[in-house]
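Below, subunit A partners subunit B and then partners subunit C, in two separate complexes.
Coming up: the complex of A and B.
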């Protein structure tokens, strides 16, 4: 491969991938930044959505975008129930944020294994993928999968919608208020428990949308959730816990780094790319790229 | 460090002991109570060590599993118990130990490989610890979450690069009985080290860190140093366990050596028993291993799901483990007894 072509490939495939990652990062951000829950089962929601899309597409041959209509509300309801039934007791019994972090890490770690068990039971342990829009599309004289471009555009539309909702509506404002300071938000008659549940459920729904879009061009198996959880966490740490623009830029950085490693070294080493970024952030700017030093 | 020296001139115990008490942690030397406990532990250890003479089939293999998870869960608890920094990456260290043995078995003698495995695990833990434990917060937990998978990817890639096959054979001819004794001795060593740490300045520092890290910093404790040292000790034990167990697997490949289930099971067992007593994890390991054998035999396809459910039940219903639960109950009973005795006394005084 020509060096110039390799650079172009890394840039375009990396940006397309990063743009699609932005959804799961925003999902995790809503859950950790607003609801204050470190959700280690986030990746399993993403994989479940990918499996659901696979099932829908192979059964009906209708565009995966249509399956969003069913998957997103389902994921919202499921995550709402998880928050109400499993997380809220932990929130109420925790004496401080540190205690809540420990408890929610343990609980969601257990929940992630329950999800994996259910996925294994329903779909089996095989790799699943389907072929949708697997046609080349020419950008600057090089071929790129049309499915990657479609997924990127879908992700961009949802991200913009979410951003506008958070910054232009009253409901979005309450979410941002809880993100800044839950106890102060309570003082201005915001029902913090309800808003946290909403943020957690919305985060799950956005992550599930990310899973549906990623399934258009990635192959999934039931055990892959932890990889996506980790990638989303690295993005959120890099971009800052409460800064959506930071998360989007960090998503692009991770997408570019992974694609560079996949093309130049080995496609099996993408997690190493995420860890290198993670280490760099921890050593150089633990408050995140756009966070303020405390 | 401004904390008082609590280790004193403790005489090393004469024999490896399984259970070490922390009662007399603030006195130097061994109290009569401690000597008695050490003797009891030595006797229990000797009795447990006779298992291979009584059974060489099913029960010995369960004994090996129990000994293995006792080492892993207790060494996990040494670090995560007092500090509340939950490590989800035991499998990474376990797998490193296994791979050092699998990769070097044709080159070096087995005992040298075990030593090398411990060193490799310690070095890796030191790197991870220095990167993540200097900063407070959840970074450490997140880092350990994907660590086993990270090492698995790197090992698979390295093997493909060197043109070696993914699977490696470890044929040493070690018997299950020998493995059992090795693991049992390692367990004894973990308990001794844990007992020693509990009495040392390091253990004292860690308990303060676990209670309130800010207070620890303000009392002049080098918190990062204490955490890294203990994480290194704890991880080296996991790597040595992997090195011991490698011959039992005889065929080692990345997906087996770095299976995330090892990390998960270790955390479950430690939490089930309780992480605030040295022997707490042991209380969880024994019933859980037996239960697990049963589940694996009866519901082989639902193991992941059931493991998750068991984990949630423990987190929600017994957050301090069985040991914590029993201690709470005992405390309540003692309180009730005390009240009863006072009432009786009061009545006697009234009569007299």
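Coming up: the complex of A and C.
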């Protein structure tokens, strides 16, 4: 392969993969960064949305993008309810963040099993996959999957939308305030419980949107959620917990690094490369790329 | 964390035994233990290939009034446990079935490693273990060690050898060139197949122009397919698992990897593969394959009606035939005398859905190992000791 072509391939495939990772990680970032809930059931929401999209697409043959209209509000409502009913009692009784972390990890781990059970019951345990936009799109003479490009554009839209909303609106400002310091945010008359519920629900909605977009080219089964949760966890911690920017940039770094290793070295080493990168960042900047030192 | 187990008695039994008038000679239902992954990485495969067969088999026996045994007819009650794709859980579940549930018979677990892990437990409690979803080259060694262990799904090298022979034949007939790109998933089965395959490709006169592995669960296979295509191969072989089997084919289609022979191992035989790729799946080669008969078509329909699962074209019919064989052996013995059933399994040839099954040597003597999508069916095109193979077709793009 020409060196120039290899660089182009790494850039484009890496960016597409980075977009994929951003879809997996942004929701968890909101849930952990703002609502301070390490939600281990996040991946199941992603899988549920992918299954919902599969069902919608095979039944109607209408574009998966249309299914977002139903899936996103539904995921928002579901995650809101999960937060209000199951998580809030834990938040109220927790004496400190450490205790809340332990409680919420245990609780959401349990919730993830409930979700898997429901998914198995509703959709069965089979692999679900459909074909949509599985056509080549030519960039500089090389073929790339149109469905991946569509998902990347969706991912970029969500990234930019979230970033602008967080940084340019008053509601976004309250979210950032809670992310920085929940008790101080409470002192300036921000309803921390409400904002946390909003962030948790929004995180769930973003994750579900990710599931819908990813279902265009990934194959899912009911047990796959934990893989997405793990990937998201690595990215969120790499990026620094308190900043959405960190998760987004970490996604792209990971996507580019994995692709570079796959193309230049060996596809068998992508996973190893990802974890070496993760370790390196943890060693050099334990608070993550954009985290604040405390 | 608490142990999570799924225990499901069949509803039929509950209905029958709660009736006040139990007909004379109707003994208590026989308890049949079923262990497999309902959750975890292998759950997707087991949901198609493992669990539904038992359900259909039990339903059919119960609809007939039960197994005809010495003490009268006995219906069947399935006791299912989820091993969560963890060998430790699998062993515990088998142990529990043997000691707590006192199951009359226990079905072999799902997947090679799990069968090997559970073999000592089956042996300890004298249950015959007819391992269906288990493919290993250690069959001889293991069957020597465990007299109640049977294999009906062949050896790793049988799959590698027959797949490579299919390509060799095409090459010798001048239909394809000698350049082959080989990729494998970095997991037991994929690594075993790749290792078995490398020398076989060489002896068959193939030039391996690309050879790589990728981690289990990888679905972003653009770099793999791009590099394979750049090597300009005549044939592409992937010793793959789901979900990467799906990911590779999609990327091959996008990338325009227009080889004349395209092979991917596990899950190519799944109806989900055909459903996803439609016409593009035509002439894709893979592990498994079936011989088209009216009985076989009826089996898939019955399976769908009873379980709402579309069976695969590799394991499901073999599984069902294995159950037919076990059923006949139990009826021949007339009771759940476990050592006698083991002995009976080795005593004769059994008539089943897929043909005559002979496990006198604790190994099925024949099986389909290479299939190809031709129309709506994944036809067997090669195997060990099979007859009636369909001719292999060349792949003409991914239209």
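As a convention for this text, the second predicted complex is superposed on the first by the 261 of 294 C-alpha atoms of A that agree within 3 Å, B and C clash if a C-alpha of one lies under 4 Å from a C-alpha of the other, contacts with A are read in each partner's own complex, and residues count from 1 in each chain.
Criterion: contacts are C-beta pairs under 8 Å (C-beta built on N, C-alpha and C of every residue); 3 or more make two chains touch, one makes a residue touch a chain.
A quick note: this is a predicted structure, and the numbers were derived from the prediction, not measured.
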First, second, both or neither for A:94, with subunit B first and subunit C second: neither
Which of subunit B and subunit C A:15 touches, first, second, both or neither: neither
Touched partner set for A:113, first subunit B, second subunit C, both or neither: both
Partner chain(s) touched by A:130 [first = subunit B, second = subunit C, both, neither]: second
Partner chain in contact with A:233 - subunit B first, subunit C second, else both or neither: first
Subunit B versus subunit C as contact partner of A:105, first or second or both or neither: first
Which superposed partner A:289 touches (first subunit B, second subunit C, both, neither): neither
Touched partner set for A:263, first subunit B, second subunit C, both or neither: second
Contacts of A:190 with subunit B and subunit C, given as first, second, both or neither: neither
Doubly contacted subunit A residues - partners subunit C and subunit B: 109, 113, 116, 120, 223, 227, 266, 268, 270-271
Sites on subunit C touched by subunit A in the complex: 1, 4, 38-41, 43-48, 85, 183, 186, 212-215, 217-224, 226-227, 230, 242-243, 246-247, 250-251, 253-256, 267, 270, 272, 275-278, 308-309
Residues of subunit A that touch subunit C when the two form their complex: 1, 9, 13, 16-17, 20, 109, 113, 116, 120, 124-131, 134-136, 142-146, 217-224, 227, 258-259, 262-263, 266-268, 270-271
Of subunit A, residues touching subunit B in the complex: 38, 40, 86, 89, 98, 101-103, 105-107, 109-118, 120-121, 223, 226-227, 229-230, 233-234, 237, 265-266, 268-272, 274-275, 278-279, 282-283, 286
In the complex with subunit A, residue positions of subunit B that touch it: 84, 86, 88, 131-132, 135, 138-139, 141-143, 145-146, 149-150, 153-154, 156-157, 160, 260, 264, 267, 271, 301-309, 311-312, 315-316, 319
